[in-house]
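What follows is a set of notes on a single structure, which appears directly below.
Letters A, B, C and D mark the chains as written, and numbering starts fresh at 1 in each.
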Amino acid sequence: MTDQTAVLVGVGAGLGLALVKAFANDGYTVFAGARKASALKELSAAKDERVIPVDVDATDPAQIDDLFAIAEKKAPLAVSIFNAGTFVRSNVVDTSPEAFERCWRTGCFGGFLVARAAARLMLKRSAGTIIFTGATASLRGGAGFVNLASPKFALRAVAQSVARELGPQGIHVAHVIIDGQINAARHAHLTSEREADSLLEPDAIAKAYVALHRQHRSAWTQELDLRPWTEKF
Amino acid sequence: MTDQTAVLVGVGAGLGLALVKAFANDGYTVFAGARKASALKELSAAKDERVIPVDVDATDPAQIDDLFAIAEKKAPLAVSIFNAGTFVRSNVVDTSPEAFERCWRTGCFGGFLVARAAARLMLKRSAGTIIFTGATASLRGGAGFVNLASPKFALRAVAQSVARELGPQGIHVAHVIIDGQINAARHAHLTSEREADSLLEPDAIAKAYVALHRQHRSAWTQELDLRPWTEKF
Amino acid sequence: MTDQTAVLVGVGAGLGLALVKAFANDGYTVFAGARKASALKELSAAKDERVIPVDVDATDPAQIDDLFAIAEKKAPLAVSIFNAGTFVRSNVVDTSPEAFERCWRTGCFGGFLVARAAARLMLKRSAGTIIFTGATASLRGGAGFVNLASPKFALRAVAQSVARELGPQGIHVAHVIIDGQINAARHAHLTSEREADSLLEPDAIAKAYVALHRQHRSAWTQELDLRPWTEKF
Amino acid sequence: MTDQTAVLVGVGAGLGLALVKAFANDGYTVFAGARKASALKELSAAKDERVIPVDVDATDPAQIDDLFAIAEKKAPLAVSIFNAGTFVRSNVVDTSPEAFERCWRTGCFGGFLVARAAARLMLKRSAGTIIFTGATASLRGGAGFVNLASPKFALRAVAQSVARELGPQGIHVAHVIIDGQINAARHAHLTSEREADSLLEPDAIAKAYVALHRQHRSAWTQELDLRPWTEKF
């Protein structure tokens, strides 16, 4: 048990919920920022006093700043995770400027806001961990993926820039490249063993995030990839 | 001489002007989109009938679409170059959401709009070249450079995605990483020879863009770097 | 405690010894391949029955095959780590073909031999972990570093190729990029706290190797970096 | 016409012959190092006095040094190209140490020898161009490709290291990533147009090499890729 808080932004489905659970189990009071009613409902249903669901628009600077202020008021902020993103597959000629902007706003701008708010608090103590969720599209663009790759590349640049700025001030900044499909099944026992671990298990991913947070500052990881054993890459 | 047009967006200083001159010399009618009065004045002063200065806001979808429509009306669009960008160095904690957004809007969103407008016209003929100007910050973030790296990474993702989408349809899409300082001196003869070519010469860069456009489609380059011989990298 | 073995090749100094200790503590019988008399002596002096020092030439196929055969005879091989390398800084014009070849032989060829021997045993059980130690020079060449970068790039290619070949057969292959100077001090308490963790602590690195081995196969890491918080990168 | 020489090592098939022709047409006396009798025969058959076929083992330091000494004796060396390589697809467990070593010796060690010999001559004049032929496998390993990727990665490290060492001394060092299949057909007119340029045309590639050599030193390219318009990447 710690007397510290973690703030997660972008709790939409499997991975977000697993991250909330993992850091709550690690002893943190977790402020779980979500937009989807289903996610907020599921967070509340768990009745875990360590988990505080918050309806937050990750693209609104004031809402993000408020979320972090509330968490810090409860207890010192130790961990901040940005896990949001949205994407609709389309060719560049068919992509509206509005859709392109919306994907950037959710996938990158929100990440900048989260990093900035977290950094301001963590710098007071020269300690803390900021983690960004990336994807295969963080490393390469593809036909039909301009809406995903562009924000994901941009978010990776934020992670690198912030890591180089904050590392020497004691704050660990990491970027996780998730390469493969995440298992969304609620009831993994319904699937065969082989099928199950051909997908990324949310709990296994969350374990890697916790391990990143626990790294000693003499040997910090800035970037790692995660993929299922069966993945072609 | 050709009876085709080139559209350049982001003619602010040395490189933009050199690109305009190079493609005009190569026989294209060049529509040179600029924002700065000084650039527009300099473009007009050249009194080159092959060069048509246009005051355009690269971040406005309607203005970009209009610019390309006007060019295409004059003659078929053969070349499109996105060369815009803006940047103010600052740490992430000191960067306002407005500044972060403005840099993305100029450095990436404008590039998406240009690529989209160019692609729609070029696809009619299954031919044409789209080139994006990148920088060292397209490949790595750095402390104080979040405002530059994030849009530049995002623009590179656009270039890659569009290249993979449009290449097999006959359109050449390339991304040029400019690594080093561009020589802004109007009168290069005022500087010593060694000093002069320790900086990137705009005309030498422009030559590389023309060479990209001339490549045979059996051997297209998607990305190349350009740096002065004295540059540490 | 497990009834399995680990084979480490390239136990020369701080990191090698820390890796041996970490996997022994994790319950493995560790075969520690070394060339330096000092390392072999230190391994013996520890009087840990879980650690078996072996004088081995990592560049000799027969010796590597023998080492793995002996380990497998003792107990099933679960972990294999290649940590060898050698390097003398020199410009390309001053580098003898012999020196260039020697650095490749130690830094890459040995890694191939280790991966091949480990893979042959691990494939029988469709299980096991193979880890390679990389460096900053695995990602970029530099003036004076041709002897280091060339083998390190080559070793990374081995790691990637083997990962893509063996992953779907149940064997986890990872490459660790160590970016910074490793603390070689025996008595860390002699240094100030700040100085101490400005260098990579061998025990902190070793912890990351153990964590890689423990990852669930639904979320394996192929590559991660490790650097001290104070490192410029 | 120039009164300078070019040395090419690795003239085995389509691309090598096209490079020889391109630099001869550009006015250089080209020393064309080859191993295959067929290539040597074809070079002789062309009866171009600007082309001098040389039977050379690229992996023998003395033969490489001799080749460059002979070229320099004829006229100052201006261009050096390393284009050799060999590869047999096989899994790591099936790859003999001899095969792995042979592929490195031809694909990387030879490149080092060529760069070293060229650099020694070019440094006398602080001028010249050294180009290495890379491949998709220079950037990523793959199952069954350990024998190709490992030397190609290693060669790229040589190119980068030598570029950073020799650039500031006036020597241009570039690495070309050839991504796709090269058209080996002697009589391109036998194939349909679409088929023909779905493959990389040797003459189109050679043109890019000549363009690299001609770049002004204020804007040098260190790396570029070349692929056919239809290539998935």
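Assume a residue touches a chain if its C-beta (ideal position, glycine included) is under 8 Å from a C-beta of that chain, and two chains touch if they have at least 3 such contacts.
Keep in mind that this is a model prediction, so the values were computed, not measured.
Engineer: If you walk from chain to touching chain, how few steps can bring you from chain A to chain D?
Structural biologist: The fewest touching-chain steps linking chain A to chain D number 2.
Engineer: So which chain is the furthest away from chain D, centre to centre on CA atoms?
Structural biologist: A
Engineer: For the interfaces A-C and C-D, which has the higher count of C-beta pairs in contact?
Structural biologist: C-D
Engineer: When chain A touches chain B, do the two copies use mostly the same residue numbers, with over half shared, or different ones?
Structural biologist: Mostly same residues: over half of the interface numbers shared.
Engineer: How many angstrom lie between the CA centroids of chain C and chain D, rounded to a whole number?
Structural biologist: 34
Engineer: Which chain A residues touch at least two other chains?
Structural biologist: Counting only residues that touch two or more other chains, chain A contributes 164.
Engineer: If I apply the definition of touch given earlier, which pairs of chains qualify?
Structural biologist: Once each pair is checked, the touching ones are A-B, A-C, B-D, C-D.
Engineer: In their complex, what parts of chain B are in touch with chain A?
Structural biologist: 61, 91-93, 95, 97, 100-101, 104, 108-109, 112-113, 115-116, 119-120, 123, 137, 140-146, 149-166
Engineer: Going by the contact rule set out above, which residues of chain C touch chain A in the complex?
Structural biologist: For this pair, the touching residues of chain C are 164, 167-168, 170, 172, 183, 196-201, 204-205, 207-208, 211, 215-233.
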